[in-house]
C-alpha cells in the first residue's frame, strides 16, 4: 500500500474541506486557496497516474473499516487516474482562463460562492470517476447538478437565470431516473456495491429471472445519464446553458461535466452489468443511432448559428454524439475511441470557450459574428487558440482531432453490416459540416477590417482595440491550453496506450 | 545527404511563406525579392535533392504504433516534385506583376509560397498518412487564396471548394484506414496488398478503393465531383494557373496514382470491377470536360473545364494499370501542367491588360498583344495534339497504352480521347482565329489602349512556349527519367 | 520506302522521316506545277484582293506543307503535314475578311481537324499492330499480332479513311467544300480544290496500300462500304452542281464528285482502277484549276458571279471561254481530251475486279455523273459562245495577260495529255503496279 | 499508232473503205454547193471549220479498225456536227441543238458503257477479232447487255425508233448542205455501228434479230407516216431519212437472222445505204436551192415555185423515183433485194415449220411503207413543180424567170449524185432483178402509194399534234427524274450540316456571355416558400429553446428506449 494509493480519497476530502473554508475567507485569499487546492489535487492524481504507469494494477480502496454492505469503496485504475488528472488540470486552466470574466460578470462579493461551487463541482466529478458504490455515485451526481447550475447562475443576468433554471429542471429529471434505476437494481440484487451487483446481475441473467426489471433499469440508467450528458434528443437545454454562462464556467461545463456522466455510464455498463451482457445488449444500438443523429443534427444546427458561443455549444452536442457513436459500436476499440474523444474534446472545447471569451473582450462583449470580425487580429492569443482549436476539430494530423477520427474509423471499419456504413456516412457528413462552420468562423475572425461593411463599425473597432487590457493570467492559461492540446496531439500514441490498458483493467 | 534534406526542402517555403504576412516590407521590390529568394532556394534545393538523394527516406514523427510521418524520395514522387519546383518560380514571377493592382499582397504571397512547400510535402510523402496530412493542409492553405478577392462570388467558390475537398479527403481517409485495419500496408515502398487480399475481404478492399478513388477524385475533378474547379475560376490567375492547373489538381491525380500502383498493385486491379468503374468515369469525364469547355464562353471557366477533361486523361492512363499506362499518365501530367499553365497565364495577361474575360471579346488581339497570343496559339496547338508539340506525345502514349489493353473500356477511352481532341481544337483554335483574323470592318484603334504585358508576364510565357516546343521535339531525357518509375511500381517485371 | 531521311527522332517509335517514292513524286510534281501557275495567276488577281500580303504568306507555307506531305515516309509525318496544311490553308479562305468567309474558314478548319483526328485513330492502331513505322507497299500489319483483331482493325481502317476523306470531300464530311470555295479568292479555291483535296487522296492511298495493305482490305465490308460512299459522293456532287447557279459553288460541287472518281478507283484496289485513279488525279487537277482560273477571270474582269449573268460572254472573252470549253469537255470525258482515259481505266478496272454488284454499278454511276457533268458545264460554254441573236450585246472585256497564260497552259496540257497520254500512263502503270 | 493512251488502228478493208469514199464524195458535193448557199450567210468561217472537222471525224469513224477508235471519232463527230446544227442560232435552232446534244451525249455515254462491258467480257475491241471473241458467250446476259448499250449509242446517231426525235427537228434548222450531210452520212455512221453489232457480235442470234427487225419495222413505218403528214419541205425529207433508215435496219435484221449467209440481204443493205446517201444529198440540195431563193420552206409558201425550172424538176424527179423504188432505178434494185431476202427467209422458215406470221407481217409493213414513201415524194414533187400557188401574184412572181435560181457550179455539182444514181441503176440492169416476183413486190407498193396520193391530193394536212419528245421525254426527264434526284442529292449534302447545326442548337449550345446559368440555389432562394421557410425556422428555434420542448424530447427519448429494450 504505497502512500500514493490513497490519493483518490484525499483529493475528494481536500476539495470538500477547501470548499467550506472558501466561504469564510476574503475574496483574494479564497481565490488563492481554490487554485492551490485544485493544483494539489491535480498533482496527486498525476502521481497516481505515474504509479499506475509503472505497472501497478487497479485496486479497491475501502473508506473506513466498515464491512461490505455498509462500507464505501473507491476503485482506482489507470483510466480513472488519467481522467481525473485531466479533469483537474482543465478545471484549473479554465478558472485561470476565465478569471477576467469572473470579475466583470459575477461582481465582487459573490466570487467566493463561485469558488465554492467550482471546488465542489470538481470534487463531485472526481468522486464519480473513482466511486465503486452506486449510491455514492447518486449522491455526487446530485452535488454535481447543484454546483453546475450554481456556476451557470452566477452570471446573474435575466437570460442566464432562465437558462440555468431550465438546465436545473432537466438535470433533476435525469438524476431522478438514475435514482429509480438504482432502486430497481438494489431491489433486484440486494447490493449497492458495483462488484457485488455485477455478480447478482450475472446470476439473474443466468437463471433468466427478473429480465424485464433489469431491462427497465438499464433503460432508465441510459436515459438518465444521456440526459445529463446531453445526448442529442435530450440536449435542448445545453445551447442556452453553455452559451449564457461566463467563459470559465461554460468551459468547465462543456469540457468536463458532460464527460463525467459519460464516464459514469461506461463504468456502470461495464462494471455493474458486465461486459458479457453488454456486448450484445440492445441499448448499444440505441446509443449508436442517437449518437449518429447527434453528430449530424449538432453540426447542422451549428451551421446556421450567428453567435459564437451558441455555435460552440451546438458543436459540443455534435462531439458528444461522436462519443456515444463510439460506445454504441459495442467493441472495446469503440469504447477506446470514445474515451480518446472524451480526453481530446475536453481540452479542445475548454480552450475554444476561453478563446471565445477573449474574442468577446476584444469586440466589446458582443457574441454576434458581425462584431467579432477581425477580433482575431486584435487579440492574437485568442486568434491562435482558435486556429489550433479549428485544426484539431477538423482532424489535421499533429492535432488531437486526427487521432479521434482515426480510432473511431478504425473501430467502425472492423464492425460489419449497417453499423459500419451508417457510422462512416455520419463521420463524413459531420467532418464536412464541422470543417465548414469552424473555418467560416476562422475566416470571419481573421477577416481584414477593410472589407467590413460600414464606416461606423470602423471607429468602433478602433476603440475596442485600445480596450484590450494585458491580462497575463489569461494569456498564460491560453498558452498552457495550446501546449496541452499539442501534447495530446503529438503524444496520441501514449494516450492510446493509457486508455487501452486502462480499459483492460476496467472490467 | 540523409533524409533531413527532404525536411529542409519542405520547410523553407512553408516557414518562408508563413513569415511573409508578419514582416512588413518597405516596398514592393523588397517583398518580391524576398519571396523570389525563398521560392528559388526551395526549388534549386529540391532539384539538387532529386538529382542526388534518390531513395533516401526520413521518419519525422511516430504518430501511433503503426502510423508515422515519413518522407521518402522515390522516382514517382520526384517527377511531381520536378514539375512543381520548375513551374513555381515562373508562376511567382508572373504573380508579382499580376498582383500589382490587387490588395493584401503580403497575405497572398504568404499562402502562395506555403502552398509550394505543402505540394512538395505531398510529393515526398513516404506513406499514406503523411500524404493525407499535406493533402488536407493543401486544401486549407488554398481556401484563402481562392477567396482572396473578397467578392461574394469568391467566397461562394471558396466554400464550395472547401466542402468538395474536405468531403473527398475524408472519404479517402476512411478508405485508407479500412486498408490499414485489414492488413494492407500504407507504406509506399511496399507494393500491393500482398497476403491481405484474401477472397472474402476482397469486397471490402474494392469498397476501400472506390472510397479512395472518389476521395482523391474530387481534387482530380472526376465527373460527378468536378463542380468546384470551374467555380474556382474566379480566383486571381496565378492561383487558377498554378493551383488549378498544376499543384492542387495534380496532387489529386498523384494520389490516385499512389493508390493504384503503390497500395493496390496491378495484379489486384487488372480486369477487376473497380478498374472498369474507374475507366468508365474517367473516360466520361474526358468527354464531359471538353463539351462543357466548348459550351463555356468565359475564358477562364473554359480553361478550367479543359483541365477537368485533361486530368481524366491522366486518371484513365493510370487505371490501365500497365507500365506503359503509368508512363503515359506521368508524361501527360508534366506536359499538361506546362501547356495549361501557359494558357492560364495568357488568359491572365489578357485580363490584366484589357479587363476582358469573355472569349468573344478577343477580336484583333493578335496585333495588340502579339507575344501572348503567339504563346497561346503554340499552347493550344500542343493541347490539341499536333505532332511536333508535346501534347501529341502524351496523347499518343495514352492511346498506345489503351490499344495495348484492347478491352472495350480501353477503346471507349480512345474514342473519348479523339472526341476531346476535336472539341479542344474547337474551343481553342476558334479563339486564335478571332485574335489573328478579325473581320474586315474591325477598327484597330478600338484596341489602342491594350498593350503587351511587361517582361514580368511575358518572360514566363516565352519560357513556357519554349518548353512546350523543346519537350515536344526532344523528350528523350524526360521519358528516360519517367521510365525509371516502372521498376519501382512493378517489382515483378 | 527506301533510304528515308530522318529529320527528328522524338522517341523510339516516333520520328519525322521523309522519303521519295513513286506516289510521292507524282503528287510533288503536280503540286509544284499547279502552284507555279496559281502564283502567276494570283500575281495579277491580287489587285482584287483585300490583304494580298497575308494571302501570299500562307500560299507559300501551304505549298511547303504539301510538298512535305507528299514526301512523308511514315504515318506520323503524314499526319503532321496534314494538320499543318489545314491550319495554313485556312487563312487563305478567309482572306476577304467578310463574316461569311470567316464562318466558312472556321467550318473548313473544324471539318478538316475532325477528319484528321479520325485519321489519328488509324495511326494509334497501326503504330501498335504494325511492324515498321515507315510506309511499306502491301501493308505493315504484323500477322501474328493482328490474328484475333481483324474486326477492330477493319473498323479503325474505315474510320481513318473516312477521316482523311474529309479533306478529299468524301460523302459524310464533304460539306465544307461547297461553303469554302465561293468565298475564297480564285487562286486559293483553284489550289484548294485542285491540289489540297489530292492531299487527302494521297493520305488515303498511303493508308489503304501502304499501312493496312490491299490484301488486308480487299473483299471486306470496308471495301464495299467505302465504294458505296464514293459512289454516293460522285452522284451527289454532280447532281448538286447541276442545280447550282453560283459558278464557283458549281465547280466546288463538281470537285466533290470528281475527287470521288479517284477515291472510287482507289477503293476498288485493282491495278487498272488505281492507274485510272492516279491519271484522274493529274487530269482533274489540271482541268479543275483551269476552270477555277476561268471563273476567277470572269469575276476579276467583269465582276459577275452567277452563271445566269454570263450569257454571251464567250464573244467578249474568247480565250477564257475557249480554255473553259476545252477543259469542260475534258472533264466530261470526251475522248480526245484528258478526262476520257482515266474514266476508261477506272471502269475497266472496276469491271475486272468483279465485286458482286459494284463492278458494273460503279461505271454506270460514273457515266451518269459524266452525263450530269455535261449537263452543268456545257450550257456555260454554249450560252457563252452562242447566246442566240435575240439577246442584247453582253459587255465585258478579256482577262489580263497573266491570267490567260495560266489558263492556256492548262488547256494545252488537257489537250496534249489527252492525246499523247501514253508516256504519262506508262509511268502511272509502273507506280500503280508497285502499290500491290 | 498509239494516241490518247491506247493503240488506235485503222483499216480500209471492205465497208470501211467504201464508206470513206462515199464520205469524201458527199463532202465534196455539199461543200461545193454551200459555196453559193452560204454566200450571204453569217459566220461563214465557223461553218467551214466545223464542216471540215466533222468530215475528219466521220472519216475516222468509218476507217477505224477497233471500236475504241470508232468511239473517239464518234464523240468528236457529235460535237462538231452540233455546231453545224445551231449555225444560225435561231430560237428553234438552239432548242433543236439542245435536244441533239442531249441525245448525242446520252448515246455516247451508254455506248461507252457498252464498250466497257464488251471489253471486260471479251478482252478485245478489234472489229476483226470480235466475231470469234464473242462466240463463246453467245447467249450470255452480259453480251446482250453490252450489245444493247452499244445499239442505243449507235441507234441514237442513226435515228432508230426510240431516239429518232432529234432528226425531224435538227435538219430543218441546219443549213441545207449540213442537213444533207447529217442525214446522208452521219446516220450511216450509226448504221455502220449497228451493222458491226448485228453481223459481227451477235450474228445468227434469233432473239436479237427479231428485236432489230421490230425496231426497223417501226422506224420504217413511223418515218413514212410522219413524212406524209409534215408540211415543211426539209422536215418531210428528214422523216423520209428516218423511214429509209428503218428499211436498212430491216435489212440488217435479216442479215443477222440468216447469220450473214443470205447474200441478198447484206448486198441489199449496203446498196440501199449508198442509194439513200446519194438521194438525200440530191434532195436536200434541191431543198437548199429552194431555200436559197425563197428563204421559206413551208409547202404552202413554196407551192408552184418550180413550175418553170425544168432542171431542178429533173433532179428532184430522179431523186423521188429512186427513193420510191420505181423499177429501173437503183432504188428499185436495193428495195427488191431486201424484199426478196425477206421472202426467202419466210420460205426457209416455212420449210422448217416455224411460225412465220411475224415475218409475213414484216413484209406487208415493208410494202406499205414503200407505198407511203412513193406517196409523200410524189406529193412533194406535185406541190413544188406541178401545182400552182394559191395566191396568184405569188405564182406570177415565181414564174418570171428573171435571174438564174442557181449558178452553174451548184447546178453541175447537184448533177453529180443524180448521175451516180442513174449509173448504179444501169450497172445492175441484169435481168434476174426484173423477174415477175421481184416486180410484183415493187408494183404493189407503188399501187398503194398511188392510191394514197390520190386520196390526199389537194388537202393541206395539218401538223401532227403528238410529238414524242415534248409530250414524253422532256416531261419525264426534266420534270420527273431530275427533281427527284436533285431532292435526294440535297438531302445527302445537307446531312452533315444539319446534324452539326442541330447539335449546336441543342446539346452543344454555347452559353453566351452574361447569360445567367440556372442555379438551383438561387431559384430556391427566390421562391415564395423560401421566405415562408425562414419564418417557420425562426418559430421552431424559439420554441426549441423552451423548457417544454426539452421535456417533450426527453420523454420521447425515454419511450423509444423502453419500447426498444423491452421488445428484445
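For reference, chains read A, B, C and D in written order, and residue numbers begin at 1 within each chain.
In this section, a contact is a pair of C-beta atoms (placed from the backbone, for glycine too) under 8 Å apart; a residue touches a chain by one contact, two chains touch by 3 or more.
All values derive from a computational prediction rather than experimental measurement.
For chain pairs B-D and C-D, the one joined by more C-beta pairs in contact is C-D.
The greatest centre-to-centre gap from subunit A, using C-alpha centroids, is found for D. With centres defined as mean CA coordinates, subunit D is found 75 Å away from subunit B. In whole angstrom, the spacing between the mean C-alpha positions of subunit C and subunit D is 34. Mean C-alpha position of subunit B lies 44 Å from that of subunit C.
For the pair subunit A and subunit C, the distance between C-alpha centroids works out to 85 Å. Residues of subunit B in contact with two or more other chains: none.
Listing the residues of subunit D that touch subunit A in their complex gives 537, 544-545, 547, 549-551, 553-554, 556-558, 560-562, 564-566, 568.
Residues 111, 171-175, 178, 232, 235-236, 239-240, 242-243, 329, 332-336, 340-341, 343-344, 347-348, 351-352, 360, 363-364, 367-368, 370-371, 374, 378, 382, 386-390, 418-422, 424-425 of subunit C are the ones that touch subunit D when the two sit in their complex.
Subunit D contributes residues 2-6, 71-72, 75-76, 79, 86, 89-91, 94, 97, 101, 105-106, 109-110, 112-113, 116-117, 119-120, 482, 485-486, 488-490, 492-493, 495-497, 500 to its touches with subunit C in the complex. Across the interface of their complex, subunit D is touched by residues 291, 294-298, 358, 360-361 of subunit B.
Per the touch definition, subunit A reaches subunit D in the complex via residues 165-166, 169-170, 173, 177, 212, 215-216, 218-220, 222-223, 226-227, 231, 233-234, 236-237, 239-240, 282-283, 285-286, 290, 304.
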